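Scrolling down, you'll hit the structures one after another.
What follows is chain A paired twice: with chain B in the first complex and chain C in the second.
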Partner chain A sequence: MTWGPAFDRREVLRRLGVCAGGLSGLGLLGGCQSTSVDARVPEQRPPKNTDEAGLWLQMDKAEKQIAVSPRRVRDASLDAYIKGVICRVAGDHCRDMRVYVMRRPFFNASMAPNGMMLIWSGALLRMENEAQLAAVTAHEMGHFIERHSLENFRRLKNDADAAVFFGMVIPVLPVMLAIADVMAFSRAQELQADTIGLERMAEAGFAPGQATRVWENEMAERDADPKKEKHDPFLRTHPEIEQRLAGIAKEAKALEKPGQRVGAEDYQARIRPFRENFLEDELQLRQPERTLALLDRLTKTDPGAADLQHYTGEVHRLRHADGDEAEARTAYNAAIATDPGYARAWRGLGMLERSVGKHDAARSAFQKYLELNPEAPDAKFLQGYLAETS
Partner chain B sequence: MRNSCKVTSLRLLRLGLLAAALAVAACEPYKVVATGAQSIGPDMTVSKTKAWVQILPPHAPKGPDQVWTLDGLGLNALMIYGGVKDGQTLLKVQGEKKEQPPAFTSGMDGLELQELVGATISRALAGGVAVEPLSLTPATFMGAPGFATEFAFPNTDGLDMRGYAEGANIDGKLYLLLFVAPRIHYYAKDLEEVRAIAHSAIGTGAGV
Partner chain C sequence: MLRAVRLGCAGLFVLALAACATTQQINIEAPPKFSTTTAILLPPPDVELAELQASGIAEPRADWTETGTRNVMAALRNENTRRGVDFIELDYSALSPEEQAEIAQIEKLHRAVANSMLAHRYIPALRLPTKKSVYDWSLGPEVAVLRRANGGQGNYALFITLRDSFSSAGRVALQVVMALLTGYAPAGGAQIGYASLVDLDTGKVAWFGSVAKGTGDLRDPAGATKTVGTLLQGLPG
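Up next is the complex of A and B:
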């Protein structure tokens, strides 16, 4: 089956819904519970002794772990800012939602049926403004409002293998594994969430065209990567990206109005304090082409930022390709020119010069680094190097 | 028909699990590390005092020459490398399509090795979160100038972990001990033993 921008998306959705319900209704899955659900009612927990209550219980358990996880970015003011943007698009559902920013250097956000919204640091690093944050979270809200994970839960329960899975494996496997299955949304569910997300963000006054921009940025990054990372968690759960992008662009255009909010400055001011840590995580992925494409884009929205210049240097230094030595040196020097007190750039420059045997230049860069950061974790090692080469 | 299938598949699965359990028991996933000197590859020997258990392939993480534990891999894992060659990774990430950590190159020394260890842990054990370096000091390992580093990271199960690595690049090959354990209780409990093992390392082969 194919569909695309030439079709009316709502009609396609309706048909897909009929098909999915039809299988159960015709008794082809004998003994199956209907998987279709109504949209959720705000501020209402599911009645006890229902499958939905069971699903929420699993998610509540996962949320308890996530709330205390060392992977969580704990910052009340960041959480409050994100929650504020989300609540503008959530309306009556606002009080049902809790936001957790998690340190994962990939673009992803998810919303569990109990109201737990996870936003990965890689998504916050990549977004450019409030409207993009609203777009991503409003999409997840679409899944939440339509109770897609309950649909999936019922579909899985109706499958014999899944019954074995839920009956036997959950007690010994992390709860997150079960969540991954319930949260693997179908194409129809993704399209429905796209539509709901766009409508909600436009109703809240955000520029819906920024939803398109999120996807374009992601695709540009992916295209820059010679390996075209196929196991990207974001893309794995969001198939047929080009077709979806065309549909989103068409719907967004129809919803555009003058004066809609983008909110770039506010967003960047809130994210900037966390950006260095997020970039450090990104660097560990050792995907230089992709990271350079990201840094190049971020630099356009925030030119002359020392952290962006420094990490550009780091990517070049660690890649070791032709021309990288000079590119790295230029980038570190740019960071130092922007902010002579930016210790990391002095260290990076020292590492670079040392690796190419320019020990005098390395020594002076490391000395500056240690002056700025005398308690640095690597101070003893560097002092040893300085003593050896003096 | 569906229900009978379900019952049959359940029985089959249980039989399969039983068979798998027996198979695992038959191939012994571990063995007790004998007291006295232990050869790690052809070039290195270490000694230990505690009752370490060696996790055997295929149950051990791929990359190290030997993987030891005292209380289970999740609670203390000591990965020992007796001569990593140029182009090899320290830990292989499970899954064919998964990006692997960066490889060791023969020109690396303490500063680069700290970066290598950090990137390896980040990719293999921390779900992409950068390792936080806590210290980097010069160390003598197998009689050669080397390094020792401590670091912190949250693992993919959401546990706050600590790590210690000590080793040296000797003639283009990496000799290394890499220890990771939960910050609470386990890391401090066994760190001195791990350091003692590192200090006991001696070169034994023609290559060192």
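Up next is the complex of A and C:
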């Protein structure tokens, strides 16, 4: 082991004393380091010799990788738009925050203690307006301002330390207590971030009711999913959902005022250019019921959009259950009627007709697709099919 | 990212297991011969210093890491003079985001390959049948992108990873208690790391060295010099 000035003799003796005399409860060892932290002060970096600086060090390293990750959506104007919404809510903390949009098809956003905020493409796809974006980012900001990561880290460290000492006496119990402690704690943090988020978005003039909408939409999508418990990175650590949603709805109602901003048109105009790629990722999840519920909802806010029609067709074609063939054909044809130059729909239609043996119809659809998109990555494959069937 | 962390942990754990053997070098095929014109590119070394908590959680320390990195760099510059080879420190900041992204992927690949080398070298049960007598590990010719950070010049890249940890008061207390109760003391702080020399034409790992020991201190310039010396002991040239 590396001995040296890393530890102080008196501190060892103190801990030994705690260990020998303190077997009566977890609290004593757990209390060795205070877990409570004050809200952050804008533009302040933690002193280098602190545990917080250690967390930042790791997050700065992670951020370097995130910044150049192939999953990052690199679009300066999208970043600037999101940052603009964040800054309206963040006030003085705005300068300390950096936003990265990541291509991940789930509803999530996260905030690192060093000011790095990640927004997943699945969240951007699902949100309907600027107020919803403000609601989600303001919640994350709440964690940032209250320095929840640091609090969590300290809690975990103390609990793990305590578990090691008390595990000598009763091996399993301290671990279970530690897990329960950390989970209860993170629930309390979520509720605190909810409150901060709602207050800040309302203060910035956004309609707080949209925070409730985000959750209602998420719940509706979840309910549509027959395997809803399985894929849920968003909800896993979040408190009992109905209870939490009721809390948000109540707080939001109290903060509602006439004339608060929703900003649906602006938001949708910004996201629409990316929607096609985000939907393509969503499709890869193979959760047809959920994706159809999402597409239905998006269609209500943006009726007659070729990309939404096309992806509705894709979900039906790939699900391949009773009635899906007809549904898919109708959807592709609707997309083509909306925009005859929408190449992806021609390809989808071609794949559908090919799978049911209607080769003539498939051929003409593929020809149209290749005409519109001669550089398509699957051009060679489709030319092979055309040659084979001619 | 999580998977990379886990892999890294597994690799370091393997090294920790091998703590009895303080250093090991793997020469892949014939060791390279350096001449006065050989240029060895030095990507920023990945150095991290941490305090080991009672539970075994390693808490990273920013201040120690800063000092440690500085000391390792100084030690590498000394090595440079002592060996008469040219270590060229790379700085990626002038590269385009695309080039930086490509280099980030190379660095990740290097971590994965180095962790595999560690695992399959140090744990006899994990020895791969196809690599019993040959060590033909490679990152592929795409490593040439590293040259772009040095104006298109360079023969090798030397990747260095070092972790140094120190027991906290709580960890020492735990060691004392466990030793009293069971006669066995859980591990304290340790120094572990590896270096790989990669041929920039082929991507082959031309030489690989590691260090794992329970003493030493990168926070101290003399300690860093000693560790870097041990790590690069078998480096040709």
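We take it that the second predicted complex is superposed on the first by the 332 of 390 C-alpha atoms of A that agree within 3 Å, B and C clash if a C-alpha of one lies under 4 Å from a C-alpha of the other, contacts with A are read in each partner's own complex, and residues count from 1 in each chain.
Simple rule for what comes next: a residue touches a chain if its C-beta (ideal position, glycine included) is under 8 Å from a C-beta of that chain, and two chains touch if they have at least 3 such contacts.
Source: prediction; values computed, not measured.
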Look at A:354 in the shared chain and tell me whether it touches chain B only, chain C only, both, or neither; answer first, second, both or neither.
-> first
Tell me which partner A:65 touches in the superposition: chain B (first), chain C (second), both or neither.
-> both
Touching A:157 in the superposition: chain B (first), chain C (second), both, neither?
-> second
Can A:76 be said to touch chain B (first), chain C (second), both, or neither?
-> neither
Would you check which partner chain A:51 touches, where first means chain B only, second means chain C only, and both and neither mean what they say?
-> second
Give one of first, second, both or neither to describe whether A:281 is in contact with chain B, with chain C, with both, or with none.
-> first
Once the structures are superposed on A, label A:106 by its partner contacts, choosing first (chain B), second (chain C), both or neither.
-> first
What residues on chain A does chain C touch that chain B touches too?
-> 65, 68-70, 160-161, 163-164, 168
So in the complex, which bits of chain B are touching chain A?
-> 1-3, 5-6, 9-10, 13, 95, 97-99, 101-102, 110-112, 114-115, 118-119, 122-123, 127-131, 133-138, 147, 154, 157-160
Contacts from chain A onto chain B in the complex sit at residues 29-31, 65-66, 68-71, 103-106, 160-161, 163-164, 168, 174, 227, 229-231, 277, 280-281, 283-287, 318, 351, 354-355, 377-378, 380-382, 384-385
In the complex formed with chain C, which residues of chain A make contact?
-> 1-4, 6-8, 11-12, 14-16, 19, 32, 46, 48-51, 53-58, 62, 64-65, 67-70, 74, 156-157, 160-161, 163-165, 168
The chain C residues in contact with chain A across the complex are 1, 48, 50-51, 53-57, 59-63, 65-66, 97, 100-101, 104-105, 108, 164-178, 181, 187-191, 214-217
